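Chains here go by letter, A, B and C, matching the order in which they are written, and residues are numbered from 1 within each.
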Amino acid sequence: MELIYVLDILGTFAFAISGALVASDQKFDLFGVIIIAFVTAVGGGMLRDILIDAHPINWIGDMNYLYVILIAVISTFLFKSKILPLYKTLFLFDTVGISVFTLLGLQKGLTFNLHPVVAIIMGMISAVFGGVIRDVLTNKIPLIFEKEIYASACLLGGISYLLLNHFGVPKDFNFIISASVIVIVRLISVKFKLQLPKIKDDIFGKT
Amino acid sequence: MELIYVLDILGTFAFAISGALVASDQKFDLFGVIIIAFVTAVGGGMLRDILIDAHPINWIGDMNYLYVILIAVISTFLFKSKILPLYKTLFLFDTVGISVFTLLGLQKGLTFNLHPVVAIIMGMISAVFGGVIRDVLTNKIPLIFEKEIYASACLLGGISYLLLNHFGVPKDFNFIISASVIVIVRLISVKFKLQLPKIKDDIFGKT
Amino acid sequence: MELIYVLDILGTFAFAISGALVASDQKFDLFGVIIIAFVTAVGGGMLRDILIDAHPINWIGDMNYLYVILIAVISTFLFKSKILPLYKTLFLFDTVGISVFTLLGLQKGLTFNLHPVVAIIMGMISAVFGGVIRDVLTNKIPLIFEKEIYASACLLGGISYLLLNHFGVPKDFNFIISASVIVIVRLISVKFKLQLPKIKDDIFGKT
């Protein structure tokens, strides 16, 4: 569906902007900024494709990803002071990107005849690991390991897609519903600061 | 051989527990703990399979790895205070896991017609790189680069396997002997705190 | 061409030495030093081959890389105090290595029918990412993201190669010219301390 491709590109753009902003705060030079924007935007899908042996991998098979990332980096270079106040818009794009990345990754997993659980994992890797690689390359502990950001949302959206798919809901319609699940769960969890539990205490008391 | 598969699963369980413990000390949330347990347990084999183009890679081709890791994480969540005192048992499982991972990786390399030296490297990657990826993701210098833990043991066990294989010792019997070599070398090196040399001085004196 | 292979091996040797020196400064043990020398020397080409699905990957398909790396590590162990004063020679080897890695990576990309832009990226990955993986494994922010070292030189050399190739210049001759471009641009940028811009200010002023 055309719309999904447009949303995919929009999400890639938002991820690339967020990567470029992180890299520029680290005083990286232009080359460093491009690399960080690049891995943030396509790192998750790239890892997914390597794991399931899907060649050519995402950004090699479709040059539009590279062009969008380059436009995002140039925009950040020229208009950083104007972009920062737009963080709400960016957050929305970002959330849309996450939902689209998750479901496209899941669908790709199913196309490759993976076990449904593995397909959900592929969806989550697509959405999450761009940020993980960005954090590793900038020498930080990946944010997503410490703090709920969107892993649960991706998981619930993935389960929703598999369930509806099982009951014969048409793919495109299913995509829109399950993407909405991801967007809504994320907005709710950010609004109410919901967090996943940590292993501090166990059922026997403090460790 | 059935026994080897059981030992492989046992080793995976021990690696996942150790990963979950490390992640919980870092105050990671549930998602972060699962990821770290996962990469610690199957990261080495995953890297090996990507390097030698063996698809489906380990945890995609056999769902049992995922199930065992999930059980390990849940156990750590529920019983952390009871698991910590079992460190000697865990150390034993861990050592068994290392020996099995090394030899299974080596055997897989031979099956893929790799040069024997490369096959040994594949065995070592299988055993060692789960921990390396864990350390990179938790933003630490990989422990194994600084301190002898088990790299030498894996190397000696791998050489033992290739030698015995060369002289026609049956595979299963060879597996048990060479696995024992790894376990014994590791126990000895831990007991006597043996370490590999460092490059501080060279043959001309202090650098 | 025989000469290019010799230069490739020479570059691998220089990269391995530089990796071994970095690792020995971190007080890594012998195993850690070998791993760091290894990823510094062949990490870029390895990543390239995984991304474009070129199996067997570089060091698995040609054992000479492993032998050269081992010789480099042993040399560093034995003669570290004698190697350090040779930094100018090493810098020269290193620069030759970068130019050869870039162009071999680019050529491999073209052989795999990649888009010319992707082929240039493959050349740059070959030259740059060994150092990036080294820095990640030693828990540092990759130097090349912060400071111009040789990314621009690789890019210009890659563009030179594609242009001359387009105009029918014979491959071997083109290789030598474009490699010279990389070497010269790097020497100039080091000599005059040229740097890529950073995102501190944008066209609207300070951010």
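Things to note:
In the analysis below, contacts are C-beta pairs under 8 Å (C-beta built on N, C-alpha and C of every residue); 3 or more make two chains touch, one makes a residue touch a chain.
According to UniProt, the chain labels map to these proteins: A, B, C = Glycine transporter domain-containing protein.
Only a predicted model underlies this, so the values are computations on that prediction, with no experimental measurement involved.
For the touching copies chain B and chain C, the fraction of interface residue numbers used by both falls below half; the interface is of the different-residue type. A rotation of 120 degrees, rounded to the nearest 5, superposes the Cα atoms of chain A on chain C. Rounded to whole angstrom units, the spacing between the C-alpha centres of chain B and chain C is 30. Across the assembly, chain B contributes residues 50, 53, 136, 139 that each touch 2 or more other chains.
Across the complex, chain A is touched by residues 20, 23-24, 26-33, 35-36, 46, 50, 53, 55-57, 60, 63, 66, 76-82, 84, 136-139 of chain B. Those residues of chain A lying in contact with chain B across their complex are 50-53, 114-115, 117-118, 132, 136, 139-142, 144-148, 151-152, 195-200, 202-207.
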